[in-house]
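One chain, subunit A, appears in both complexes that follow, with subunit B as partner in the first and subunit C in the second.
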Partner chain A sequence: MARVSGLVRTGIVALSLWAAGALAPSSAQMTKDGLNPTGANPTANSVNEEFLFKQEPKIGGRVSIPDQKSANLIQPQGREYRAFREDYLPWIGGIAVLGILGLLATFFLLRGRIPLDDPGPDTGKKILRFNSFERFAHWMTATCFIILSLSGLNYIFGKRLLMPLIGPEAFGALAQWAKYAHLYLAWPFMLGIAIMLVVWVRDNIPEKLDWEWIKAGGGLVGRGHPHARRFNAGQKVVFWMVVGFGAAMSVTGLVMMFPFSVTDINGMQVTQVIHSLIGVVFIAGILAHIYIGSIGMEGAYDAMGSGKVDLGWAKSHHDLWVEEQQAKTASGPQVGKRPVSPHQVPAE
Partner chain B sequence: MKVFLVSVIAAVALAVAASFLLNENQKFAYEAYATSGARVSHPGSNLVGPQWSGNAGGAEHKSHGS
Partner chain C sequence: MARMKFLCDADRCIECNACVTACKNEHEVPWGINRRRVVTLNDGKPGERSVSMACMHCTDAPCAAVCPVNCFYTTADAVVLHSKDICIGCGYCFYACPFGAPQYPKVGNFGSRGKMDKCTYCAGGPEADLSTVEYEKYGSNRLAEGKLPLCAEMCSTKALLAGDGEMIAQIYKERVVKRGYGSGAWGWKTAYRETVAI
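So, the complex of A and B:
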């Protein structure tokens, strides 16, 4: 009997042990998900990235060298800047430049080259439209702008379009020289913008006449030419675009040329975003200016080419300016004391 | 055409002048960030060498290169 009860007790103990082993999780199972076997989370109160970003927009450390910028560890805005720089900007730039070229090509196909008016009594006579100094300022700025545009576009498209064509070695050398040109030709460009502002601002003050010119389509659409003084409303738009964008590009360019002198890393990135966005719009605007000043309108290039334009053209496009100049001429020549040829009407 | 050429020459001349002025006021990192308490190695004696070739000697690299 005692033997039977002993067997029963042993069986109960064995069953209990089996049940306890089967139901209780093993220590290996407890730590499989990374939890501490005691149930406590030892890193629950430790400093993490999310906690640090609640204190500051970026995470930094401490360094012993004077360049404290090197202590910057994580700056999340940099990812947004990189996404703009690598993903959005090439599309924006491509659409802006190719878009304006497409529009100009379409306009040229529809409208053709705007011709000189039918020959009149003034056709063949010349009137001075821009003197040497004005043309000097224009061409110095224009030359710099073309190089700045190409080298600027190289920052965006060079590695995507040019490098596969010419190879990394040649592209590296070209990009380095383009960068030098971009930084150094920026100075005569800024000077040219300043000179043009001083020389032409008086003739570019908006007035009521400009609205009439715009309502009449500026002679670009339809027939006939609305009244205009020295610069019509379209030219005034170009002038203020050049001055405004030129100033913005100058300020943002100087901020980038002297990095971290006026702003921190976020500011540097925002500055580059502004510089690049204005830059591509500026290029698009100047492409339209180049079009209308060359193949878009017959006789327009002479104004900046030789400085003298056909008097008939001037009377059609800038009739009020011609009247002003001829009134001045009636009281004495405006261009020095050089003799005036019989076929040239001195204007300034 | 004469005005155009003069304007291009002026642009180049001003750019060259700007390059000299800017380079005058520019320092290498090892010059700008070296203090009495923190010495930044001259590129000729650091780990990568002046040509970033891993040859820190510099002079040896030149003799191989020339």
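So, the complex of A and C:
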């Protein structure tokens, strides 16, 4: 029985082979000499640039070399990147940096240095505002920031301002070191941002007091001294700017430091746009921070310099913080007596 | 002076990668860097074409525009070259280049992305023509010897053409007219803002 079914199957296969052989010559006779035997026109459906650009903004394919980035054949998006970097960024950066310097200079001329006003009985005594670890974190970050911003601005303005002055060879060498500085100092900068976040975040949570401080025109604008805890609303803005921009710069910077590890070429272009835009705004913000912490306000620099500020200054600028500190260490030598308002009679 | 250009006739390219190999050998290109590569489009599908691509030596080159240290220059033959002494390896030219031409040794190791390397149109660099220093940094200088780029010169199907833009465009036009089809001068619109009108 098995033998019979085997014979039948062989017969079917033989029959179909014969049929195929018999039909094939007739189709071959239909093709003309020199044409593709399948009848397809080899050029009719060939890819072309115009057609591919209509489907996608860039043209890519397959390469047999390990570098898969090279499978991108044509990516005209480089033009938008170029337009941003060469046409817009120098203007945005120039206006941001020079604009804030102009504003601060105008402010300084109009308002002058904000003095230690109302010298009370506590002026001359000192209170510890930032301990050595806090100051170390601040200055490590600050030093890195200054070098990072100068070397960062060099990527935009170096060839326009510095290169004509010192010549291409010297500028090339300088720019090379600036690049190394930019990449290596990014690490202590990121560490500093992380430390400052951990150390100061609890004193920087926004609260209702901040709104009253802003309404009363605290800081540079107003003349009075609204209530404030350890950090007033203006300082909280600086803190969150540093933490937010610092985090954004760190993430975009790391993406660029390890190119193509997380994104493709268009992602790299966008990353650089973000990094540079935040960078110039960050520089402008920190210039304002440097202004008020140094020449803008008498007594403010000591907080980050020696770490100790004038108690009179602290009472007028951070009254609630001074009260908290004194409640904590009432017997501490660095803290003066409890604050006494002129119209308030002492309890005893 | 001529206006040097590349033109790859994709209807002739057979993806043999001999141009890639010849380039690497001629210039002793470092490991991991390909100044020229062959990209296959629509791979395995009807209408598949391969295009050999390197630096196109653009008119108004984007790489030169975005370079933060202005290390690029254009020769009298309109070949875009750069100085590895001035280059800082920032990578911006790769972001701006439409053809992915710039390459860097030791990519991915932060801070140590080396000096950019790219196709020189076999024309060396800013150093003295045919000097050892020039060869070590940029490879051989065939243009100084009166020769055209090796990739195009040894192309087995003459798909890759190098030479004066008008001359190679004329050769390509004649081919298209004779055989009746052509998928176009790849990258010309992007690189030179013009295409070969048939």
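Simple rule for what comes next: the second predicted complex is superposed on the first by the 278 of 348 C-alpha atoms of A that agree within 3 Å, B and C clash if a C-alpha of one lies under 4 Å from a C-alpha of the other, contacts with A are read in each partner's own complex, and residues count from 1 in each chain.
As a working rule, contacts are C-beta pairs under 8 Å (C-beta built on N, C-alpha and C of every residue); 3 or more make two chains touch, one makes a residue touch a chain.
This structure is a prediction, so every number in the text was calculated from the model and none was measured.
When the two complexes are overlaid on subunit A, subunit B and subunit C occupy overlapping space and clash. In the superposed pair of complexes, A:183 makes contact with subunit B and with subunit C alike.
Here subunit B and subunit C are compared by how many residues of subunit A each touches, and C touches more. In the superposed model, A:55 lies in contact with neither subunit B nor subunit C. Using the contact criterion defined above for the overlaid structures, shared-chain residue A:135 touches subunit B, although it does not reach subunit C. In the superposition on chain A, A:46 makes contact with subunit C only, while subunit B stays out of contact range.
When both complexes are overlaid on chain A, the residue A:265 reaches subunit C alone and has no touch with subunit B.
Shared-chain residue A:144: touches subunit B; no touch with subunit C. After superposition on chain A, the stretch of subunit C that runs into subunit B among 78-86, 132-140 or 150-158 is 132-140. On subunit A, the surface patch touched by subunit B in one complex and by subunit C in the other comprises residues 64-67, 180, 183-184, 257.
For subunit C in complex with subunit A, the residues that touch the partner chain are 10-11, 17, 20, 32, 34, 37-43, 46-51, 53, 62, 65-71, 83, 85-92, 94-100, 103, 107-108, 110-111, 113, 180-181, 183-184, 186-187, 189-190. Remark: subunit B residues 3-4, 6-8, 10-11, 14-19, 22, 29, 32-33, 35, 37-38, 40 touch subunit A in the complex. Remark: subunit A residues 40, 43, 45-50, 52, 59-67, 69-76, 78-79, 81-82, 85-86, 154-156, 158-159, 163, 168-169, 171-172, 175-176, 178-180, 183-184, 256-261, 265, 268-269, 272 touch subunit C in the complex. Within the complex formed with subunit B, the residues of subunit A that make contact are 64-67, 132, 135-140, 143-144, 180-181, 183-189, 191, 257, 307.
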